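Structures are listed in the sections that come next.
First chain A sits with chain B, and in the next complex the same chain sits with chain C.
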Partner chain A sequence: MQPQTIWQKMLAVDRRLLYVLLLVNIVMFLLVPVRMPASISPPVQKFYDTIEALQPGDLVMISSNWSASTLAENQPQLEAVIKHLMRKKARFSIISIEAQSRDISYRLAERVTKAEGYEYGRDWVHFGFVPNLTVAIKGMVTDLPNTIKQDVRGTRVSQIEMLKGVNSLRQYKLVIDVTPSGTVPIWISYSPKEVNIIYCPTSVMAAEAYTYLDSGQIKGMVTGAKGAQEYEQLLGIVGLASRFTNAISFSHVLIITFILLGNVAMFMNRLAERREA
Partner chain B sequence: MEWLQNFLPLTFDRAVVWIGVLCTIAIYSLLYRENPFYRFFEHMYIGLAAGYSLGPLGVDILYRYWIEPIWVQGYWAWAFVVPFGLYLYFIYSERYGWVSRLVIGLLIGASAGLFFQEFSSRYLVQLNSTLQRPLWFSASNPDLTVGNLIQNYIFLAILLTVMTYFTFSYQQKGTVKGIATAGRWFLMIGLGAIFGNTVMARMALLIGRAYYILSDWLLIRVGG
Partner chain C sequence: MTWQLNPQDQWLWIWAIVLGAFVLVLGLIPLLQVLPPRGRRALVVGITFLAGLFFAAEFFMPVNEEQKNMLTPAIQPAQNLLQLIGALALGLGTYGLVRLHLKNVVQKRTQWGYSVVLLVSFVTMAFFSIWNTLAEKELAPKTPLLENSFKLLFDFTLVQLDAAMFSLIAFYIFSAAYRAFRIRSIEASILMFTAMVVMIGVVPLGAYISYDLMGFSAEPTPEGASFVQMLVHNLGLPKVANWILTSLNAPAQRAIEFGVGIGGLAMAIRLWLSLERGIT
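Up next, the complex of A and B:
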């Protein structure tokens, strides 16, 4: 049956037309050379403040578990985190429980640190891929060099300048979990209580983490690309997330408009059917 | 002319970008309709991801934790570890299936032991945080604001209503049913927030790909 009323026509719109409109909207707002400022949410402010409280030389563990599929959200987060740590002159190690993330995070850190003159082995190190985070954390708490054994370049942990005298995860000040997976409960469960944890989840994972934020088990949170944009704004840098700003905001406006129009059409159509009956 | 020279896949780096764009278009072609072009790239991606994982597994795990300790450091006892793990595959044998239970038992035992620590570190802290929420002004809570107090009452109301919804030991009717219904509504709002975040994540991924096509492939300056 052919749609008759405007409401029926709206309900019969080809979904592919909506995809095209969404794509046009995104491309258009990516090309706009003006960036809208973001209002800073409390979890992002706390995240920023936790890193700001670090002293030069403090040790930080970055758990990077993302791969190509969530690059748009996790890459801006990790880039901004590394830049902030370098600004604070903190030393950091990266560990991955995701095989793809081993190389992605290593290359990203190498690119970002090179620009700032941060030296591998002295200022930062990559522990490579570990398949079981629970076992790795428990091992690092009791004996870090013998748990990790070698870094991603094949150098023994005991021979790495940055890790001279570092025997346990307890000597770290902070853990930063950049991930699209449910790894933060593992860090909360098994890492030492004196080590603070902050979290960079993808947007999908963020809602579940508010309980940990509320109870103080994590000290701050940067949610997806939107959170990364707020964080970049606090840092005063223009990264990937800042470039996505307009497109993110207006794609949400468009989707909300679609939802409203779809619902109005559905209710009006029902009303019309009832009247006819 | 210079733009065209930079745009064409004349160098290795540019060829990689072109392949990336081809993969992106192939995967998103599913939005138009199911097609063999999409299927081919989907299978290629899965195969690549699985094959790629074998590399770090060999270098970072098997070599670092098994082969090197045995061959370089002489800890020959480690030689028995991997065969013991492989006992798990006896699960496919009717006659020797019991051997796999040795490994399964060990894993279950370890997981149960670890859960004690997980429970105390993960859930007790949350229980503690919930029970410590002040519900009135007193000298012991000098920093408590009206806003925080309202927030605490909302928290308590949601906690109790949702817990009532999940109490199935008696028939829910009358007032209890009303409370449980409110709990269900709060749950729906929570799930709606999770779904909203999921849409936000998918948008970010699409924007990431659009950025790649515009910035890396078409060499257009994006986002100012």
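Up next, the complex of A and C:
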């Protein structure tokens, strides 16, 4: 049996070695305290400007539909969004069509708002879990209190201080969809035209949304953890995404390097086979 | 016309509706079993058609100044009905899951130990979740035992396990990209080059390479710039990546979405009219 060349060995590399390399790369760059400033992409700038245009007391609906599986991308987005809304003194309500997100977003919002002195019921509220977004949006447009009925604490919507006199989604200024799912077309289709929509998808879902961004149906977009880092930079805060970003950057570099190495190995191997033939 | 309950009679109505639904469901199952196949099919097709017709009619019927028509008030009860159907499906799923794993444990089938883990986890999580929900609504006491147990089960176990499971995908993607992303044709070369530009262009490292190391301009193109000036101003990787996403990706996505939309519409009509095979 002939000994394997370096190129053949590279083509047959043990996948466990690749896993270890990626793990070391991620851990190492999570620990490196150097922060690389991001270049602010136009969708994130538009997202920021849309929230900046809000007036104190404006109502905002946050649709939080993510579970722990996409926590690395959606949690920094939601945290930064809530911090920005509090800075603008906007009032917000959160709604979830994902059962696990009901608890995750409620606990996250409680933690973030407590630190800033935002009061539940007066400044923000959580509507809990609704199983069907289409029907919920249609219901909220025509009769919000009877669609939602009660918040996560069991208080009737009509008795919540923040929602006194609020009967319809039309009275909201903005909808923010934080999600790894394709829910933004539902918001676009069924929410009132006068309510602006901005979007926080995971990275894999963002490609589909550029068409809505282009048409102006969504006013801005924060894509995954890297979008959240740009957004945090605009807000002047160092959040979760700013801490992840080095690991993401260098993981991309590692993947690209190994794709190139794989192709070089394939070409060199083919060359050697031709020579032998 | 109103479809909402009078608050004074609420509890009476609730009990009447629950009892009525119970009798209806219990009666419907034997009725479906007794009916001949043609009759069963006619019943399912009829209900499917009427349910679809309601939502279509509500959407297309003209509305008044308040954006409502005669069917709009019925949307809310329809939502309640959908929630009930969802809850029924959840109940059936739970029943099936528990029944299957109880059988595994009782009959000591292969790997029955996993079934014990599932049943214990299921009961424990359900117990503390229900208790926590009741405590949030101030219908049950919020004790330190509940707070600590729920935090341990939800925040420190379920959330972490779920996140860890999903994170494993990164390792598979890395391994798959290394093995499968090979330049075997012109199309594959274009795809690989584009992917690399976007992957580097969207992360801060792309900006650092373009603007700090290579000295490209990060500023927007000045008004009235010539073609060459425009080109020079947009050579940075982040700008190229953004151009790929907005000018190449968006039109392609739009075309795909048109196709998917038309396909979805055709499928919806087939489902509504029960033309799909295996509907009954």
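In this section, the second predicted complex is superposed on the first by the 274 of 277 C-alpha atoms of A that agree within 3 Å, B and C clash if a C-alpha of one lies under 4 Å from a C-alpha of the other, contacts with A are read in each partner's own complex, and residues count from 1 in each chain.
Quick note on the criterion: a residue touches a chain if its C-beta (ideal position, glycine included) is under 8 Å from a C-beta of that chain, and two chains touch if they have at least 3 such contacts.
Just so you know, these numbers come straight off a predicted model, no measurement behind them.
For the composite obtained by superposing both complexes on chain A, the positions of chain B and chain C are in clash. Residue contacts after overlaying the shared chain place A:V141 against chain C, while chain B stays out of touching range.
By the touch criterion stated above, A:T5 is placed in contact with neither chain B nor chain C.
In the superposed model, A:Q159 lies in contact with neither chain B nor chain C.
Of the two partner chains, chain B and chain C are each touched by A:A72. When the two complexes are overlaid on their common chain A, residue A:H252 makes contact with chain B and with chain C alike. When the shared chain is aligned, chain B comes close enough to touch A:T202, but chain C does not. Looking at the shared chain after the overlay, A:M266 reaches chain C, while chain B stays out of its contact range. Put simply, chain A uses residues 19, 22-23, 26, 67, 69-72, 100, 103, 131, 138, 152, 206-208, 211, 214, 223, 226, 245-246, 248, 251-252, 255 to touch chain B in one complex and chain C in the other. Those residues of chain C lying in contact with chain A across their complex are 4, 67-68, 72-73, 75-76, 78-79, 82-83, 86, 136-139, 154-155, 158-163, 165-167, 170-171, 173-175, 177-179, 181-183, 192, 196, 199-200, 202-208, 211, 218, 236, 238, 242, 245-246, 249-251, 253-254, 257. Partner chain A is touched in their complex by these residues of chain B: 31-32, 49, 52-53, 55-57, 59-61, 64-65, 68, 114, 117-118, 121-122, 125-126, 128-130, 190, 193-194, 197-201, 203-211, 214, 220-224.
Within the complex formed with chain C, the residues of chain A that make contact are 13, 15, 18-19, 22-23, 26, 36-39, 41-42, 67-72, 100, 103-104, 107, 131-132, 135-136, 138-139, 141-143, 146-147, 152-154, 206-208, 210-211, 213-214, 223, 226, 229, 245-246, 248-256, 258-259, 261-263, 266. On the chain A side of its complex with chain B, the touching residues are 16, 19, 22-23, 26-27, 30-35, 67, 69-73, 99-100, 102-103, 128-131, 134, 138, 149-150, 152, 185, 188-190, 193, 202-204, 206-208, 211-212, 214-217, 223-226, 238, 240, 242-248, 251-252, 255.
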